[in-house]
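Next come two complexes, and both contain chain A; in the first it sits with chain B, in the second with chain C.
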Partner chain A sequence: MAELTKKGLAGFLARQGILVAFAVFMIAFAVANPRFIDIDNVFGVIRSSAILGVMALGVTFVVIGGNLDLSVGSMMSFSTIVVLDLHDKIGPALAIPSMFAMTMALGAFIGILVGYLKLNSLIVTLGMLSAIHGLTLTYSGGKNMDIADKEGTWFAVFGQGSVAGVPMPILMFAALAIVLSIVLSKTPFGRKVYAVGGNGIAATFSGVPRARVVFMTYLVSSFCVATAGLIQASRSMGSQNTVGQGLELEVLAAVILGGASLLGGAGTIFKTVIGVLILGFIQNGLLLMGLAFYAQYVVTWIIIILAVWLDIAAKRGALWSRIA
Partner chain B sequence: MTDKTPALRLEGIVKTFPGVRALDGVSFTVMPGEVHALMGENGAGKSTLMKVLGGILAPNEGQIFIEEQPTIMSSPMNAKEKGVVFIHQELSLADELTVAENIFLGELPRKSFGRVDWTTLYDQTNAILKTLNVGFDAKKRVGDLSIANQQMVEIARALTVEPRAVIFDEPTASLTDAEKVVLFKVIEDLQSRGVGVIYISHRMEEIFKITDRISVLRDGQYRGTLNTSETNEEEVTQLMIGRTLDLSRAEVTHETGEVALEVRSLSCGELFEDVSFTVRRGEVVGFYGLVGAGRTEIAETLFGLREPSSGTIHLSGEEVRIHSPADAIRRGISLVPEDRKGQGLILGMNCRDNMTLPQVSNLTAGPFVSDGAEVAIFDQYRDKLDIRTPGWRQTVGNLSGGNQQKIVIGKWLSMHPEVLIVDEPTRGIDVGSKSEIHNLIRELAAQGYAVIVISSEMPEVLHVSDRIIAMFAGKVMREFTADEVTEDSLIQAISGIKPDKVA
Partner chain C sequence: MKITTKLALACTTAMLGTAAHGEAHSSTYTIGITQNNVGVDSYQTTYEQAFIAAAEANENVDVVVLDAGGDVARQIAQMEDLIQQDVDAIIIWPTNGEAVIPAVRKASQAEIPVIVTNSNIAEEGFDFVASFSGPDNITQGSRSAEIMCDRFKDLGIETEAQVVQISGQPGYTTAIERAKGFEDRLPEVCPDVTLVETQPGDWNREKSQQVMEAFLVKYDDIDGVYAGDDNMGVGALNAAFAAGRAEGITFVGATNFAVGYEAMGRGEYWGSIYQSPVDDAEAALQTAIDVLDGEDIPFLNYFDTPKITQDNMDEFTKPVF
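This part shows the complex of A and B:
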């Protein structure tokens, strides 16, 4: 009987490890510094995680489909710059849809290269990371973008507004998470994303249009990036060309931390949201402990390595392997 | 034999998985120098028992003895050190590495500073390969070898130690007859060196040809051991499935209808050439030939996975062009592919989702996949095909090999195709289910389906087909009706020998 319970616990840990780790971590930090679970701090963390989170939702689709997207950081800079620029030229009502169209055109382009031309997603999106950065600089002429009349526009609502006391970024993150979670878990398209990432050949043999499904995952990802860009632009009402720089790795860290497998075919939106929150709270916790802001880059990297290692270890069934 | 010490003994082995009692107090003994068959239905626990013996799974209860000394197999490496080697049902080789590297993986011969001693490595490998009589050498990349030769690499890997016992888990499932002969020679060799061989297979004729004793498992329980020379197929079957089988052809008399599929002078590069045939509704057409005769490639072309270089395909009299599997499915063609792990299943997905994948877009209520509709389909085919699983939520990769194959068959039957193509439909399937699947194929034909069966097993082709098309090197050699075909004429035709006089 004792044996059984132990097995049960071990099984629970293996299945819900990420939630358990999250709980343990939160308690440890809360004990170390009670300010950590102060309601303002918690809200603050979620709000500042929202942009990253929105992007992670889209990348979850790409990763479950068996690919990577490293272009989301620089694509987000692009969206932000474009929407700020167009705001003053054609007004927010037209600027927003135009920016979404332009960003999603970039996503479609990646989708064609990776989906239909079957190019390696790492190479394609790494290339797009720098190509889009170049595009953004060309577009802006290297200048920062600012909205001229910050008071006379309703554009600030996405980044600074709130409904019933809940900040808009959090609402948008939550709404998008719910919608995309339903798409992924309840629709035929979602099922096909898992199939293509799980075994692309078998999916093809089952009549799943692999290329189109991969294409669609990049479209979803770019839609999320555009949404993130909108929140970012609206929050700051002005921006540098490099606002999204480096975010692609944090996004990936959150997605992997949530348990989406880099090999494709596994993961959920809910777990990604947990991954985003863990990452946010870890960074916040370290900040509260007095760690320098830039130390977070190292910490993020360590988290990625840990998450990938645990992912592989879970598959291999051992934490160490003897090197051949 | 009985007065000797057993090479290996397992006692009271219990192994459970969530929702499954895979082994329920199983005992099993292997004597040195014997070939011991382990038989049982799909999901009976054969592979699981061997995984316990091979150090891959830890048993919940029970004890393993080597020469009557209690021992614990802590890992596959550890089991191998103790002389127990396992040749898997599923190949587990690294495609990108050479034959030599695969064989000595984890124990490469070393020089100073840990450098690999390549000369010794290749010499030792070639020495082993020579005893196996294979036609490739140590430096070949494993990914470039045929499945059969990959199997030989697995076997070679077992021979790097002086084994006490070697486990073969369905080794012949994808071997040609010639390759089987080589394998049986290897087994005989091991036997004469005093090695105990455990042999798992669903093929009775092999079992009776090469084994000394037969142990039977059923639903995770040990059912008894028989001396091969003193028993027969009926007795073994009775022990395995609790009843005997009526193996006579289910003669469902039925009319054949109009032509469902016609192929005219179809060619695809070098793979096959000038292939013409028709399949009527209500008819089963068997394709028989050696591996590489082009049968699978024809199926793949019909299913939109390859573009033909010339020739035409007609469905119900209308010429069609099929560019993708989605096209083929829309036109009512189903293909049960030959490689269930690579082409048939998404191993990490659950049973139900695998089964409904080709039609998931149609099983909707509003924009959402309808849970009820999916479960209904799964339940129907689980019952029809007797699929053993604790429930539809089980990950397909956790099912036994034969039950995985049944999921693939269920997937394509549930599409209610006009033309059903099955490529090696009973690979890895137990005798009971095999005859059920054969009956099912006959029954489907009786219901008006046009069925194509591709198989490398002559009894299977003879058993289910109304007509048989014999292929050799990408060409149709001859077409037989069920009445006129004989084993000899079939063998002749697939070896490329033209008949002297056409019957």
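This part shows the complex of A and C:
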């Protein structure tokens, strides 16, 4: 609709309102503290956002498919603990694929419950949030996991390495974003995800295998979680059992901030990336401003609301609308 | 006293006759414990193991070991269960310093002494508590300030050094007390050192790494980092390494973790406070026994948490968590 009625800059703004919000915040923070746009700082923020970002990419698939995934936080703790533990037992080359297999098995399990058994995704993944937390604690016996010999392993490359000055977590986040963006927008599977999330019944009658598509979105999500766990483990070479706790809500915030609809059927990988970056830069910007940290929680919320408002305002071409 | 006891014992024995004499001479206590959240971190896991081990080693003590899983409601229910079982004393590791007070009062009304372990309950509840056994977090904070200041003096930068602080979870008593101890003590021992900024790391290594990254961008000159525990301290150390600035910074933490101990061994991390979950657990059990024996113990029964630095770390075993 917007593309037809508006042209040029106005049309661009309408489609990319969230980008406008992003630009506004970047400029505001840069004025408050010029070091905010220091290249080291920018890389630092994107690198720390990469873990959240990689998870958000997967959750974008699930949300567009019309479901929720609240289990990603504790699933990430699980991946991190498992890969750190296996690293010392069977070596990194075997530990990484084993961890991916175990994490994706959890994703497949959720996929079966939500896709094939058609159980409510909120209930299933909320339950899995605590179930996987319990699984992680059982696995580790409640102990922190640490790699014994931190110098004598190449495992640190995913979290601490860099190629041509760009940190590896950023490269992995970018590569995964590009691949998943193509999958979502250019492949039949991607179009089926939109179809299932937009109108599941219509999709079923059009011959789209709804159950299988939903199952696949959870598999994609768990793959992303495993990647995030790998980056996390490699970055700190040790971990608590609760490392991913609470991340599920931040991930969901980033995905929704990026404009994916909670009702399914709408959203893009690119906008999710912007949503992730906004959250990351807000946290960093507020830290650099030295704002008292109790106030930061409130300010973060205000900025998110402002971003959503700017997004909507750009779409309708006015700050407020008389008709609801 | 001794005579009275002997007399009492003699009377009892005489009265009960031979059949019951076995029970009469061994004063076995049943002590119940409801813990905060075993398994959520290594400290609490080790604490539980040490508590059970200490109880098994003492033949006069039977224990009922419960865990609230971090849930206030479950802890209150466990308190009620223990009251119903009529245990001799209850040890509680509060899930919440305020919410458990009514349950503690109920126990105290049932004349079961309550010992609070590790983190104290709020002051309104003190009347119902027999004793608190745990670390003194304010002293820990001030000891960390002393470690930091002594190091600056050795380096000859005590007149100009700048320090940043990464505190624990906002609102958490341990975090508040350690920060207070550090902030009050630092200007006393090193009046010319400035604490430039404090931000929370939420007891989380990754979060404190991010906080430290921002500090490094913001300040060109950082000479010291005080972290509310070693887990966060190591996160800050990692950030400084990535920025190539770890060499010039003195890192001091609290609750010495294995990772902190190892980093000290490599000469990267300067010092911490040695707090052993084993000492914590044993102190709690001993406090309960002392209360039951009617011994005179202080209301705030702290166990010692000494300073540990690269200089004296050989005197301590590596923490198990």
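The working rule: the second predicted complex is superposed on the first by the 276 of 324 C-alpha atoms of A that agree within 3 Å, B and C clash if a C-alpha of one lies under 4 Å from a C-alpha of the other, contacts with A are read in each partner's own complex, and residues count from 1 in each chain.
The rule is simple: a contact is a pair of C-beta atoms (placed from the backbone, for glycine too) under 8 Å apart; a residue touches a chain by one contact, two chains touch by 3 or more.
Note that the coordinates shown come from a computational prediction; the quantities given were computed from them, not determined experimentally.
When the two complexes are overlaid on chain A, chain B and chain C sit side by side with no clash. Of the two partner chains placed by superposition, only chain B is touched by A:Gly207; chain C is not. In the superposition on chain A, A:Lys143 makes contact with chain C only, while chain B stays out of contact range. With both structures placed on the common chain, the touch criterion links A:Gly238 to chain C but leaves chain B unconnected. Contacts of A:Gly265 after superposition on the shared chain: chain B is touched, whereas chain C is not.
By the touch criterion defined above, A:Gln283 lies against chain C but remains apart from chain B after alignment on the C-alpha atoms of chain A. When the shared chain is aligned, no partner comes close enough to touch A:Asn120: not chain B, not chain C. Centred on chain A, the angle reaching out to chain B and chain C in the chain A superposition, using CA centres, is 140 degrees in steps of 10.
Once the two complexes are laid over each other on the shared chain, residue contacts for A:Pro188 go to chain B alone; chain C is not touched. With both complexes placed on chain A, chain A has more residues touched by C than by the other of chain B and chain C. Look at A:Asn199: by the touch rule set out above, it reaches chain B but stays clear of chain C.
Between chain B and chain C, the shortest distance over C-alpha atoms in the superposed arrangement works out to 35 Å. Residue overlap on chain A between its contacts with chain B in one complex and with chain C in the other: absent.
Those residues of chain C that touch chain A in the shared complex are 38-42, 44-45, 170, 197, 199-200, 204-206, 209-211, 213-215, 217-218, 231, 234-235, 238, 242-243, 257-259, 321. Per the touch definition, chain A reaches chain C in the complex via residues 33, 35, 38, 40-41, 44, 48, 51, 137, 141-144, 146, 160, 232, 235-236, 238-243, 283-284, 287-288, 290, 293-294. Contact residues of chain B toward chain A in the complex are 18, 105-106, 108, 303, 305, 324-326, 328-329, 335, 337, 342-349, 353, 357-358, 360-361, 363-364, 367-369, 411.
Chain A makes touch with chain B in their complex at residues 11, 182, 186-188, 191-192, 194-195, 198-199, 201-209, 265-266, 322, 324.
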